[in-house]
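What follows is a set of notes on a single structure, which appears directly below.
When the chains are written out, they are named A, B, C, D, E, F, G, H, I, J, K and L in that same order, and each has its own residue count from 1.
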Amino acid sequence: MSDHVYKVVELTGSSADSIEDAVEKAVARASKTLHHLRWFEVVETRGHIENGRIGHWQVTLKVGFTLDE
Amino acid sequence: MSDHVYKVVELTGSSADSIEDAVEKAVARASKTLHHLRWFEVVETRGHIENGRIGHWQVTLKVGFTLDE
Amino acid sequence: MSDHVYKVVELTGSSADSIEDAVEKAVARASKTLHHLRWFEVVETRGHIENGRIGHWQVTLKVGFTLDE
Amino acid sequence: MSDHVYKVVELTGSSADSIEDAVEKAVARASKTLHHLRWFEVVETRGHIENGRIGHWQVTLKVGFTLDE
Amino acid sequence: MSDHVYKVVELTGSSADSIEDAVEKAVARASKTLHHLRWFEVVETRGHIENGRIGHWQVTLKVGFTLDE
Amino acid sequence: MSDHVYKVVELTGSSADSIEDAVEKAVARASKTLHHLRWFEVVETRGHIENGRIGHWQVTLKVGFTLDE
Amino acid sequence: MSDHVYKVVELTGSSADSIEDAVEKAVARASKTLHHLRWFEVVETRGHIENGRIGHWQVTLKVGFTLDE
Amino acid sequence: MSDHVYKVVELTGSSADSIEDAVEKAVARASKTLHHLRWFEVVETRGHIENGRIGHWQVTLKVGFTLDE
Amino acid sequence: MSDHVYKVVELTGSSADSIEDAVEKAVARASKTLHHLRWFEVVETRGHIENGRIGHWQVTLKVGFTLDE
Amino acid sequence: MSDHVYKVVELTGSSADSIEDAVEKAVARASKTLHHLRWFEVVETRGHIENGRIGHWQVTLKVGFTLDE
Amino acid sequence: MSDHVYKVVELTGSSADSIEDAVEKAVARASKTLHHLRWFEVVETRGHIENGRIGHWQVTLKVGFTLDE
Amino acid sequence: MSDHVYKVVELTGSSADSIEDAVEKAVARASKTLHHLRWFEVVETRGHIENGRIGHWQVTLKVGFTLDE
């Protein structure tokens, strides 16, 4: 593993249901165009409020992936 | 939207069930006295332990709302 | 309560299911060898990605407990 | 001055023009209901983008004021 | 305790004597108008200098209290 | 809005005139190749000094945009 | 000194009297089981409020000590 | 450039007009006694409020300069 | 220089030898596809341990480059 | 006050007695060579341990003063 | 890997030679008493100066290891 | 040691070779004009890139020294 170089991108996923679902959606979307996704780190958890209830969650994460050789 | 002024308050919600439920309870309580709640940001996630298990979650969030004109 | 001294240890729990479950597992494991666990604070939320989906969550927490007199 | 107690509130001001104008609007709005405003500190500078240009600035500040005796 | 919602306010207390006294004065002032104060956290310790000596301490703290049901 | 995924990129804009102009230039440049720019956040404000005066401002910002479906 | 390895542990001391006393109590408790304590650093200063007054201080510190050869 | 050593000093400039002007004044004042000023970084933006309006801005910056050989 | 816009990307380089070598490898890999690389900043230094020794270093850096006109 | 430029220096004061005394000693020492000291901010509180007790406190502070016209 | 719980300890290694050597010494010392060491993260790099030269480096790191089942 | 007051200055050293060499050069330069240098702490590690390779390292450190009595 010691010769790899990784790139880290920052994404924000949204979900009406949960923090986990917002992360899952961001990772799923990223995997359409990026290969070799390896890890993520949550860096911010926010959300919108509608009529006194949570409308949806917005979770920002960093995602790391191996650069193709 | 560019002429609004927002106020931000800090709240801690508690729940025996989940992080999401603790946030939902804090937002619901705030909406009883504050109108025009718009967004929240989670700033701390803690909890109490009882008998070797999570007793309840304590989630601190900032909540932003439009000041009435 | 004012005469107690607490110690704080840092743990990382893992779960394929949720952030809450990763914390619960770390607390359960700690309670096997440490008594008087009182509180926890989440300090980092990461995870591994496998085949474009979240493989498991890795949640790092600080756990505080009362030192035996 | 040594016997005063101050309270600090957090506000977000908006302006289509500049950072300074967004702060000025937040302070002006606060002064309608709070007396003895003394100082502010900028804690976040964000904004919205519309059609590839800055639509408006959103500047979050802490504002300190003397509590009435 | 798991059903409570807490609010957190930020205050700055002043004292010519000590950090502890500045905190005590801020808490005493807050308790005149807020009930059910539960905890505080020191977030900044500053002070003014007069003639080469400490004139007074200014300690900023967050104070948490239970919102009335 | 709850089904969108956003990407965040980091840019540094420069201007001899003002902080606002440096941000505007970075946003204008980004909009040439990225669509659906939504928001920005200033993360660093620096500058170069030439002959005892500010030569130009260098403002680093994060810019968020919707990923095309 | 250049060949030593130190370990750092995190403790919270409590005192009804002062910040200094809370630190002193934590250090005294640690010295019962750990030898060669060398330094400490205060990382958090909190406290509980009882009846509108400070009930006790809770000061969290990191304590470094030399590992026995 | 690789053999230079730089020193960094921290200054606070004030202005009734703008953030940029406060920085410009601090840099101009520093250049009276320090040569070879190269860059600055804004580290804090505060201000005083007078009669419900911004009285003046106080901007703290780090300024780097080459040490004379 | 005042009219340029820079982009900043985040990379992680690995090396069995040293921190400097891990940075060099990340920069070398980035220069295959990105032109006009100008500066880097180390933001995290981690590593893996194998059999009680450092297996390899993982250094995360931000790399800035000029966007082509 | 709006036309002044301030300089900020960083000092560490020591005391066997208290945090306040360590700050007082640093301010007193600074006032021997610097005029117009105005404010300070505590940025780190550490100390040395001798024989299981606090040997002395080491408090690092930033001190601001008006630059002579 | 998803069922493991890790513990994180904080160590400071010293070396007259380099940052890498200080980390290596801390990891080597930890492996004498802790099994299953997996990763480390550098959290502070300091050092002592003797006669105008670096006497030794002091590097503080967090080290994670799997708790035995 | 408890009666000393220390001053802390911030320097940036450069080197084409390594992080350690950049620190060594900054300390050596400081020791020409400052006596009683005691410790340093690395606060930022950056560098310039030239032709796809590291041109030189720029390491910013804080250096503490005893003020002459």
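Keep in mind that, in the parts below, contacts are C-beta pairs under 8 Å (C-beta built on N, C-alpha and C of every residue); 3 or more make two chains touch, one makes a residue touch a chain.
This one's a predicted model, so the numbers in the text were calculated from it and none came from an experiment.
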Contact-graph separation of subunit C and subunit H, given in steps at minimum: 3
Reference subunit C; chain at largest CA-centroid distance: H
Intercentroid distance (Cα basis), subunit F paired with subunit D, Å: 22
CA centroid of subunit D to CA centroid of subunit E, Å: 22
Rounded Å distance, subunit C centre to subunit F centre (Cα mean): 38
Subunit H: positions in contact with at least two other chains: 9-10, 18-19, 48
Interchain contacts (touch definition) - all pairs: A-B, A-C, A-F, A-I, B-C, B-D, B-E, C-G, C-K, D-E, D-F, D-H, E-G, E-J, F-H, F-I, G-J, G-K, H-J, H-L, I-K, I-L, J-L, K-L
Contact set on subunit F toward subunit D in their complex: 18-20, 23-24, 27-28, 31, 37-42, 63
Subunit L partner contacts - residues on subunit K that touch it in the complex: 18-19, 44-49, 52-54, 57
Contacting residues of subunit D [partner subunit E, same complex]: 1-10, 62, 64, 67
Of all residues in subunit E, those that touch subunit D in their complex: 9-16, 25-26, 29-30, 48, 55-56, 60
